[in-house]
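Reading through the structure tokens given below for one structure.
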Amino acid sequence: MKALGIDIGSLTTKVVILENSRILSSVITTSGEEAESSAKEAVEKALTQAGLSFDNLYIVSTGVGRKSIAFSQQPKAITTCLARGICYLFPSVRMVIDMGAESSTIVKLNERGRVKDWANHDKCAAGTGIFLQQMARLMQVSMEEMSKLSLQAKSSASITSTCAVFAESEVISHVHREPPTPKEEIVAGIYASVISRIMALCKRVGIEKDVAAAGGVALNRGLIHTLEKEMGFGVLVPDTPQLVAAIGAAILAEENVEKGLK
Amino acid sequence: MVVAGIDIGSRAAKAVILKGGSILSSVIGDTGPESVKTSYMVMEEALKGAGLALGDIQYTVATGYGRVLVPFANENISEISCHAKGTNWYFPSVRTILDMGGQDCKAISCDGGGLVNNFAMNDKCAGGTGRFLEMIAEVLNTPLEKIGDLSLESKSAIPFNTICAVFAKSEAIVYLRKGVAKSDILAGLHEAIATRCLNLLKRVSIEKDFSITGGIAKNKGMVKKLTEKVGLEPLLCEDPQLVGAVGAALFAEERFTGASIKAMKVQYGYSDGTGDYFITVNTGLCDGCGDCVKACPAGIFVVDRDDSGQPKVRVKEEVRKRLSFLCPGFQSCSSKSEVNCHSVCQKDALSHSC
Amino acid sequence: MTSAEQGNSKIKAIIRACRLIMRMNQALPEARKSEAMYYQMLINYFTRLLNARENGDFVAAHTVFFPAELIYAMDMVPMHAETTTWMTALFTGECSDILAAGAELGLAYEICTPHRGLAGAFALGVLPRPDVMLWSNMVCDNTAKSGELIMEICNCPGFFIDHPFKDSEYERNYLVGEMEDMVHFLEEKSGRKMDWDKLSEIVARMDRQIELVREVNELRKAVPTPFHSQGFLELVSSDYLFPGQPEAIEYLETLKQELADAVKEGKGAVSNERFRLMTLFLPPMHLMAFLEKISQEYGAVSVVEPFFTYWGEGRLDPTKPLESVAKKSYMIPEMRMYGPMDERALNSIVDCAKQYKVDGAIYYADVGCRHTCATIKLFKDTLNNIDVPVLTLDCDVVDPTATSEEEVGEKLEQFFELLEDR
Amino acid sequence: MADNTQRNNVKLHTLDRFREINSTFPKTSQLLEHKRRGKKVFGWLCTYSPEEIMHAADILPIRITGYSQETELDEGNAYLYVNNCSFSRSCLQLGLKGEYGFLDGVVGGSTCDGARRLFDLWRNYIGTPFHHVLTVPRKYTEKAHALYYHEVAQFKKHLEDFLGFEITDEALHKSIELYNESRKLLRELSDFRKLDSPPITGAETMEVLNASFHMPKEIFNQWLKSLLEEISASGNSHTGRARIMLIGSVLTNPEFIKSIEKQGGLVVTDELCTSTRYWGDPVLLEGAKSPLEAISRRYLNNFPCARMFPSDERFNRIIDFALDFKVDGVISQIIRYCVPYCHDLPLLTKRLKAQGIPTLALDVEYGTPGSGQIQTRVQAFLEMLEAKRK
């Protein structure tokens, strides 16, 4: 029996298939408006990749859409999955920072990949992936360019607004200033404000080494660099950080198979 | 006299050119990343429309949050004053204004002269602003201008808990996944925003007449919700986005003629033992349309140019000493015929002492 | 609707809701007798308020932790301000109207919803106009500051009791002095006299009442625990609304007996008790039903509330009534949170956690309550040190728009998964 | 309308010396030198902590304030949560970062929830050798005065036990003299601003006040004396579109005032606990049983904070100032979550309106330079005041 983990996020859906703790295949697709069907597609993609069929699978789902799919045997909270997933990739990690499209979640875990404590953003989008996208659009640069720019910055502009939308106008006012603030400094400022919010979350639960980053936003070199500066030490980043939760779900599926759960 | 008003908002930039109290040309464009450029762009557009050059403009007032960055402006005045002024030009009877811009939402209470009495602005969070609706339009992939009408088709509105623009968006996504009708989601959001606006209005006191300005006034769904909540039928001008720029232009006119509205009241007549016989013309409001000239049964009015070349009505020289005999006075006049100088004056520029 | 009717509309709504709940409970086989008594008490409390005008009663509105014993002893009709607001939220699930009215007065969003709503409710005229407003700085700046505005809205006289910070003999005497001044003030305004014998009786009963709450909490230590999660609200309001009142004693006696029986039979409040929880501060009223449901699902139950039901040491002495009322104000569980935040306060939650065999704690971070939120980190660290995980739930006690079931459900799920995963 | 407040005015050199202090606080050369000489420095959290007593014990009392500008308060938020005022959070964060590591003691009062919790967390997470929190009554009754006197006496006792020597009445007398002198000079500075075109701006005054509670009063008084002479010699004059009174809790960033004055709003007086409410009243020895009693009376009777009851005491003082300084409008800057001030605002606005004085209510975060939306509101308010005058 194969273990399948599926993480249905607000923007993307990720699928991972495990066989005795080995990753057979993994898929990342964009979540469609119709959760059930788009999730099925993703699963089938992963199955064909692994040369498997839909039957004889144990499926654990996570992410915002975890309950919207009928074919999942067990929905699990994102925190539980992140902890299991990161522990599988980096056993030394005690704290994982998941920077998703619309939320960031900090999870502290023990050596067994069990959640000890966690914190997530509430009510405010400041410091999320969407926020970064908005800013990129505003500055008329791509996310990649943005990341490069930030690495060139000597100093960083101050962005204090707590509201994503007002941060926009702060950025605009930096652009409009006479003389305008250099792009790279503005970007550095944006990253600084995102990270400071992440750091605030971390401090709520108390920072513990090793620290890893997960979620699509973790692909952003510039941002990770800023994070490491703030932390004062290196941060581990998986090759495909988006998959961490899905892997965790797959591991939970495997555990359940072993427990003989149906 | 030719003047200009320019309004550099967070999302849109508007310019208006005014000649003798009437709009020569007006432009609405997007606010680019550099508002200095933007301000030149919209201004040139407007000048083209009027067939003028920047040199021909005698005075320019800038407003909107890019107001300090308009190089060719003589002065900048806050959006709040300009919206009050502009609305007053369209509808002198308006006392309460709701302006919903790209990133902020203002409630303004003003007097008959368009002077601000009190105002309140949303802050801390952009929930319930134009940007809020833009984001929602994006996720529902429905054009912004359509969402209002769509919301009206709703059978049962979805109650929204969050007021954060970005989170309302993700809540909306969740509902979409659950297969909730777009119209119901939109109705819910419009409801939420309207409530916020109402609370903002209450902070400045709600008096009639009521007007809505800014792009949002084009959103039928929002206007309907607001009408329900506020309990007043709002007066809407044909191009609500321009109001700020118009206000700025009117200020420009005022500054150029150097006269402020209150100083512009001209009284004709006299008082004797039998009482006061005065007709007061507010030349700040009077645009010299001449309707009152036709309407007055005694034909005591005449229109001609004032010192600054503006067409204004005045009481004929020869009749000023005989007003008490000629002019029946407002009450008696209006009781005889519903057509009189008051009833026809669109700008509320005339008043009688009796 | 005449202003008199409107003036009672919220009160009527509460009474209606209580009646409904009673009727629904009667249908249930498992229904607690004490619960019926509790709702009957509430109905009586608010009915007395409803008819105060025609009965020619003297209505004294007062803020939370105000010595209502004195009001009862002077034979006046008390109106517990905050409770009235949160019960409006709890029973009608709707209070946007009064919150908006509060904002209309110019009260900032930062002012906690119970007090913003309170001022709004009086301004709207949906609560009966009191004959006098009484308040104190127990328990926070909101209680300390709301009184003057309400005096002006209701255009009634008022008295402010200055409650000293520390529990020292000197400060307790000052408090006694404050209460004496208030008694004189009330005698003057109402033309009624303080009945000192009656006060002594009330104090004697109050002492019994505290004892009973302590005994009830002893019973809650049992595994499985006999009292359901939101039950503690009954204990809280029996003190808030009925200090030293016979009906409160009767209610507590009955409840105690019921719980004792349940413990004997080994019957738990939740069918499959898995997680014993500590509740810190107040859950959002509009989510009560939802919270009850989800805790049933997961076999989670609140066994102790250090700042609401866990009374400090000490007895009251009927021969020194005023001194006793003053003493009580430093014995109340909330005082541990309000008073100096020293070892005494911190140890008490550790003791609670141990005595009640707590698996985890839920911290309701009420956005309006600066007191409770400022200690989140402090308490969390303290509890984590003894390996008790803490869930912090951002919410608002009365404003339904602050938190949705989705958000809360999500967080609780994450928390319960954490607990079962350990 | 532009910035016509600065036209042809001579530079005030002493101001730069105050600016120097403010730009280097908390680690100013003065404080470090003071420590080097083996002397003690105490921090106080609220204007209800009697400085004279600490000073009489040969301790240098300084006010604990937060970052000079609006900053990300991640640490502050983590400990005090987001719904305590950004002033408390800013102070706590500065403390957690070790910026106040040189303090030998911290003194607070049961004045407001924010100040109290700041004290609680300071004691638990920063830890300074000496801690004391005073119960501060909220009334002015004789009983309240007796209680506060008792508290002040206990504080003195606690301090004496900590230091191992007695604080003599003579020492107290000296300190009272010094602090009263300081208050007298600050009043003179404020009187300049009653003039139709004052010789000193609100922003400049703020610089002086920031220094006043961050340096030894002995030096401060000297410097302020020479500043006052400089001012009267300068013949400077500032004009604007309207005369403004600033009210609200804590404000230390002169940029905020500058942003109002840049737009032509002349800030001529205030009701800030970092300004008028700090130097408000002198300690009166006449009729006092002892210097200690005189001190305790002064601190309880001083220009009140919104925490006190009845509030009209504060309202009337504000109105007196507003009329005395001929203000056209009042700008209320309340730091978000400053509950006592939030509650008073509706009542105060009503009373000011009755006096024909409009109020602009701004809710701000501590340290804000008053940029962005605030600018727009202030400008609109000034335009409104101007129009009203015409």
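Should a chain be cited, it is by its letter among A, B, C and D, assigned in written order, with residues numbered from 1 in that chain.
The rule we apply is simple: contacts are C-beta pairs under 8 Å (C-beta built on N, C-alpha and C of every residue); 3 or more make two chains touch, one makes a residue touch a chain.
Computed from a prediction, not measured in an experiment: that's the story for all the values here.
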| item | value |
| --- | --- |
| Pair joined by the larger number of C-beta contacts - C-D, B-C | C-D |
| Cα-centroid distance, subunit C relative to subunit D, in whole angstrom | 37 |
| Subunit B-subunit C separation of Cα centroids, rounded to whole Å | 50 |
| Interchain centroid distance [CA atoms averaged], subunit B/subunit D, Å | 43 |
| Where subunit C touches two or more other chains at once, by residue number | 106, 377, 407 |
| Sequence positions of subunit A contacting 2 or more other chains | 123, 166, 169, 204 |
| Contacts with 2+ other chains: residues of subunit D | 78, 336, 363, 372 |
| Touch-based graph of the chains, sorted into line, ring, star, complete or other | complete |
| Contact footprint of subunit B on subunit A as seen in their complex | 10, 33-35, 64-65, 68, 102, 123-125, 128, 130-131, 138-140, 162-166, 168-169, 172, 175-176, 178, 180 |
| In the complex, subunit D residues that touch subunit A | 70-75, 77-78, 365, 371-372 |
| Residue numbers on subunit B that touch subunit A, as the complex places them | 10, 33-36, 65-66, 69, 103, 124-126, 129, 131-132, 162, 164-167, 169-170, 173-174, 176-179 |
| Of subunit C, residues touching subunit A in the complex | 377, 384, 389-390, 392, 394, 407, 410, 413-414, 417-418, 421-422 |
| Subunit A residues touching subunit D - in the complex, by the definition given at the top | 160, 166, 169-170, 173, 192-193, 196-197, 199-200, 203-204 |
